[in-house]
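Questions regarding the structure given below will be posed in turn.
Each chain carries a letter (A, B, C, D and E) given by its place in the written order, and its residues are counted from 1.
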Amino acid sequence: MIIYKTKGWLDAIWHFHTGSSAVSLLKRLSVVTIYVTVVTVIELRYLDLRLTDTPSQYVQALGILLSLLLLFRTNTAYDRFYEGRSTWGALVNTMRNLSVMFNTMLPQEVRADRLFLTKTISNFAVALKNHLREIPQLAELELVEDWQQKEFESVDNWPNEVVNQLRGRVEQLYANRILTDAQLINLNDQINRLLDVSGICERIKSTPIPFSYSLFIKLFTVFYLGILPFTVIEWFGYMTIPIMLVTSYFLIGLEMIGVEIEEPFGTDRNDLPLSQLAHRIRVDAHEIMRLPVAKEDKMAAKPDFMIVN
Amino acid sequence: MIIYKTKGWLDAIWHFHTGSSAVSLLKRLSVVTIYVTVVTVIELRYLDLRLTDTPSQYVQALGILLSLLLLFRTNTAYDRFYEGRSTWGALVNTMRNLSVMFNTMLPQEVRADRLFLTKTISNFAVALKNHLREIPQLAELELVEDWQQKEFESVDNWPNEVVNQLRGRVEQLYANRILTDAQLINLNDQINRLLDVSGICERIKSTPIPFSYSLFIKLFTVFYLGILPFTVIEWFGYMTIPIMLVTSYFLIGLEMIGVEIEEPFGTDRNDLPLSQLAHRIRVDAHEIMRLPVAKEDKMAAKPDFMIVN
Amino acid sequence: MIIYKTKGWLDAIWHFHTGSSAVSLLKRLSVVTIYVTVVTVIELRYLDLRLTDTPSQYVQALGILLSLLLLFRTNTAYDRFYEGRSTWGALVNTMRNLSVMFNTMLPQEVRADRLFLTKTISNFAVALKNHLREIPQLAELELVEDWQQKEFESVDNWPNEVVNQLRGRVEQLYANRILTDAQLINLNDQINRLLDVSGICERIKSTPIPFSYSLFIKLFTVFYLGILPFTVIEWFGYMTIPIMLVTSYFLIGLEMIGVEIEEPFGTDRNDLPLSQLAHRIRVDAHEIMRLPVAKEDKMAAKPDFMIVN
Amino acid sequence: MIIYKTKGWLDAIWHFHTGSSAVSLLKRLSVVTIYVTVVTVIELRYLDLRLTDTPSQYVQALGILLSLLLLFRTNTAYDRFYEGRSTWGALVNTMRNLSVMFNTMLPQEVRADRLFLTKTISNFAVALKNHLREIPQLAELELVEDWQQKEFESVDNWPNEVVNQLRGRVEQLYANRILTDAQLINLNDQINRLLDVSGICERIKSTPIPFSYSLFIKLFTVFYLGILPFTVIEWFGYMTIPIMLVTSYFLIGLEMIGVEIEEPFGTDRNDLPLSQLAHRIRVDAHEIMRLPVAKEDKMAAKPDFMIVN
Amino acid sequence: MIIYKTKGWLDAIWHFHTGSSAVSLLKRLSVVTIYVTVVTVIELRYLDLRLTDTPSQYVQALGILLSLLLLFRTNTAYDRFYEGRSTWGALVNTMRNLSVMFNTMLPQEVRADRLFLTKTISNFAVALKNHLREIPQLAELELVEDWQQKEFESVDNWPNEVVNQLRGRVEQLYANRILTDAQLINLNDQINRLLDVSGICERIKSTPIPFSYSLFIKLFTVFYLGILPFTVIEWFGYMTIPIMLVTSYFLIGLEMIGVEIEEPFGTDRNDLPLSQLAHRIRVDAHEIMRLPVAKEDKMAAKPDFMIVN
């Protein structure tokens, strides 16, 4: 995720045009340039296609429908981005609540359990981040008891497993009468929220905009850009080429931002700072439980960097 | 549901135009083609209807209202698609939570109950999928106790019956003091969510966009496409025919995607991968409860296929 | 509610134009026809009003604002329709959950209570339907104990009374120790949902779109239709009359669908199938509680009819 | 709130134009009339400003942006109106639920408590209505115990105080073992909803649309109306004056309805019928608790009046 | 936050144009003025660029897409503003509920605990306000027990710490049997809401609209404003300069209001009155708990000022 607070406009524009989608955008613009150049030269030098008479109201009607479809694309992509962000925000809130609850419910005597629960809270965010980015890294998890490693290795879905361990410990403390009925009931909703968060993220990741719409909008854009030069060539002459290039840049670019935004859990420049949020959760859990945390974690939890993954 | 990650554009376009709605789309486009050809030939060869003088602002005003109505259609259809997907996503989350709860609350001694509950969790998703697709298949359900078959055969609504069996077992464990008051309270919300999911899916399936709107938008599109050729014929001549064909393709196609998307529980190409999600639930429930699951189930739970039902 | 799955287009269009709003639509279109005819004849035969010079951009600007307002009307009307449908959907879910809960919590010995609760669940949907349609029919309710009739007759709001009876029985079973604390807590949310459903429906029914907006949109449509003929008369000549008629049909029709949809609890053709949903609840409650239900009820619960109230 | 079911159109239009915002609307329209008259006379009689050459696409672009902004204004105002109505609807539901709960949980022996709670339920809606309308009237509250008056007089926020009294009595009944743990838990959510309702209403009342947007839209409208006559004067001549007047009526009127709707708790013609809803709550609470209620209250709870405050 | 109820229009416009964003707006408008002047002079005096032939439909299509994007910007910014306001509104409601609960659950004997909880409720809103505005001020918090200061100084996130102290005291009262199981369960949801509020505010603050969209809309505006003068210069002549200035004012201004609104926790003129809301919470908590509060606090809780931070 890019957060520009201090840097200037030019840097921002530069950054924006060097990501991976920028490359893809350039490819498409090259195709447009070739097409427009060919069309312009043929029209102006050789033969006059009937298409230059395209009446304005027809092109405008197309333009309005295309604008509305692009806005629909933008709105749905943004909604997913925002839902992804809100969901991770809810995870931060839940983890803080669980930390406060464990801190105030569990006596200092059950030191091992307090440590285990704090580390498990930290682990969930890390496991979810890696699950969404499909990078299974056991090393990033903080295991405090011996049996944990074997359990993780025997299952596929690590966020599920972390919750299994968390609730397992809670039920055990309840069976041992360290937690009362009322406390178990109070903890329940917050623990259930964890797998809700994990499932919502999986859903956002696995369900893009229906393929029909995505393809349809692409085809429409191609048709519109294909017919547009004919309607302006008479007025612009050879200036049609740069004008068409800029127009294509805006139409294609808008569609591509949609594609990039709607799956916000990767490491693209517009994606969410999952790594920072996971560190935030780790730092807060430790601070609330009055346990020490490494200074690097504290640094990584701050949103001050230019580019944050 | 189609997920194109690896294949190219051309394959995608080909696929898109070979489904069942594609056939229906072609039929309608044929009608348009015949109409436009007749109109064009008559206008250019024989008589000049007054309609060619249709002023541009009139057609544009129609075009804007039609575009807004098509967007309304698209938005409502997409909302249903998304609500359907979110609801099945919520089912996955609930089932994982129930699995974790049963795993940590029930001691290993009640092995039969653990098995029964795991299988019942798996059965719900399968029963709901078949209920929505109206294919009653008892064979797909995993029955572990003898009385179950008779019960299923005596009722019509299988998702209701699965929940009846699930809650029946939970209340029995509570009566036998294996589950405490607090645990029964904690399980309650998650169990209630199951019939919420089932009812929401039934509602989406049985309530399309109000018929008046659906018909109204169709009539409006027909009128617009009927009057459009007259306004461009003067400029395009015989090119009116291909231009109108493409225009009709976009207007009619947009409406048809709406129809296809708004009921997302079938087996159309844009529909939701219910079968895969049901397998996902089965695999996760078994993994969390530490019960073995068939390898084919694990395969079927992965979203890697080109076309997933 | 009309559900066309099998019948053809022509039937659908015929049906659509024979309802009560169709009559009202025809009346308004007659007024438009008279006005346009008078204007056209005067303009073409006698005097040239200055209005025929109305510049296109002015009419277009009006057209865009009017289109956006009609879409606003359509969106808000549809939202109410959808909220009404979702609310009744939630009622179905709640009733199924309550049935499953009563079935699994109450032992077979309290047969009278099981019967009373099943019938009371069925009664709520019927009472709510009749309350919304303002047809107080005691005969449709299934009373199983003698005191019920007197109670119903002494109060005005029957849905409230049904819930009073339902919760009264639950609290009594709790006082008699047949329901435990945990079970009473679990039942609570579902019972509370009933009066939420009833209140939401009352609200949708009693609060249409603010009168100012409704009137404003009507006035705007009248003004637009009043000025439109002058801007096209020059081009269309006497064809202005049929063209204006079709245009009015779309603009007035769109507004009228909004009026019809936004109060979806009546028996108009677009209204919700409350009667069918109430039967659905009755059938499911009996099936879940393993009580017999009349075959006619089962038939009436199916959504297969052409027109369902 | 105006509800027109029986009266005709002309009455409705008359009513609409005699409220307090109508006066304000007339004032603004007078300013527009003067401006347009001056501009028209100067243009047509004396000098030709360059502005009459304003190209159509420029004015149209302005018109589209202005239309979208007015729609944004309309949508946000309507959302507040609807949120206000839904919130009061939720209050009705909550109060009915609380009445049913108190009726079925409390034995007939604690007659004084039953009376106190019924009256307190009625009081909350009245206190909230008066709090929102800033008319502190102790007389409208029904006090049944001596200490209440002194308490009300010692605090500023009466809705808070009513809830304080309500929960105070509930906790006292719990301390006296008349309410059990489970019953106290069940009552909790409904009681908490009361202050949620009160806070949401206060928020809607105190937070209009951000001032920047409100001012911005006003300035934009002024600029658009200031430039519009120049673009039509050539075509309309002296008819520019009435045409501009009607146009201003629609643009300014739309903005003013927004202002009126977005704070729906006053006594304007479009505002919510708070008084009727408060009576509705009083009547229902008494009916459910089987306590007598005055006939005037029953009358005032019905939505049948032409104009309901 | 600016609330204009009594002052006139001119004051409002003056105020609006003297904030910090106004300065920024002026800078941008100066750039536009220079550009337009240069273009106009060159075009009219020296050479005729081909661009003046830009066809109207092209510029209009751009204008429509830009209008829709600006509306998207406005909608998303407003949604954040509204979410921020609603969240603080929810905080007010929660705090009142907690105050009522503590007042009615805790006997007068535990005077020290009642005082501590009231002050802690007040502290949360203040700590959150300062946390969001990044001004750590211990002096504004009301500490009533000695150990508190040390705790605050040892942690970074003060809202977390306040909740830690609040729940710590509640769990202690529960361990001491002053609060029962049912009361602890009832308090739980309200306490959990506090960190939800705090997390939602942090999320709104740290996640602006995705950078791509923000930059894209800026670039599009620049391109549109760059090409617009050529299309009107022929008609307007030197009047192009003031006309362009006003147009730029509206386009750039709309985008800038979006930037200002979307992070509503600062002390800009459109920002939320956090300080007033925090005082509101303090005053209400004390009033409900029957504790005295300073008169200045009461004054600061009122929304009557012209400009409220």
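Assume a contact is a pair of C-beta atoms (placed from the backbone, for glycine too) under 8 Å apart; a residue touches a chain by one contact, two chains touch by 3 or more.
Keep in mind that what you see is a predicted model, and the values were worked out from it rather than measured.
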item	value
Any chain in contact with subunit A as well as subunit E	none
Type of subunit A:subunit B copy interface by residue overlap (half), same or different	different
Angle of rotation relating subunit C to subunit E [CA atoms, steps of 5 degrees]	145
Computed distance of Cα centres, subunit C from subunit B, in Å	24
Approximate Å spacing (C-alpha centroids) for the pair subunit B, subunit E	39
Multi-partner residues of subunit C (at least 2 other chains)	56-57, 60, 64, 68, 181-182, 185, 189
Graph class of chain-chain contacts, one of line, ring, star, complete, other	ring
Sequence of touching chains round the ring, subunit B onward through subunit C	B, C, D, E, A
Partner subunit B, residues of subunit A touching it in the complex	50-51, 53-58, 60-62, 64-65, 68-69, 72, 76, 155-157, 160-161, 163-164, 167-168, 170-171, 174, 181-182, 184-185, 188-189, 192, 195-196, 198-200, 202-203, 206-208, 210-213, 215-216, 219-220, 223
Subunit C-touching residues of subunit D, taken from the complex the two chains share	1-4, 12-13, 16, 56-57, 59-60, 63-64, 67-68, 70-71, 74-75, 78, 81, 85-86, 89-90, 92-93, 96-97, 100-101, 103-105, 180-183, 185-186, 189-190, 228, 231-232, 234-237, 239, 243, 246-247, 250, 253-254, 257, 260-261, 269-270, 284, 287-288, 303
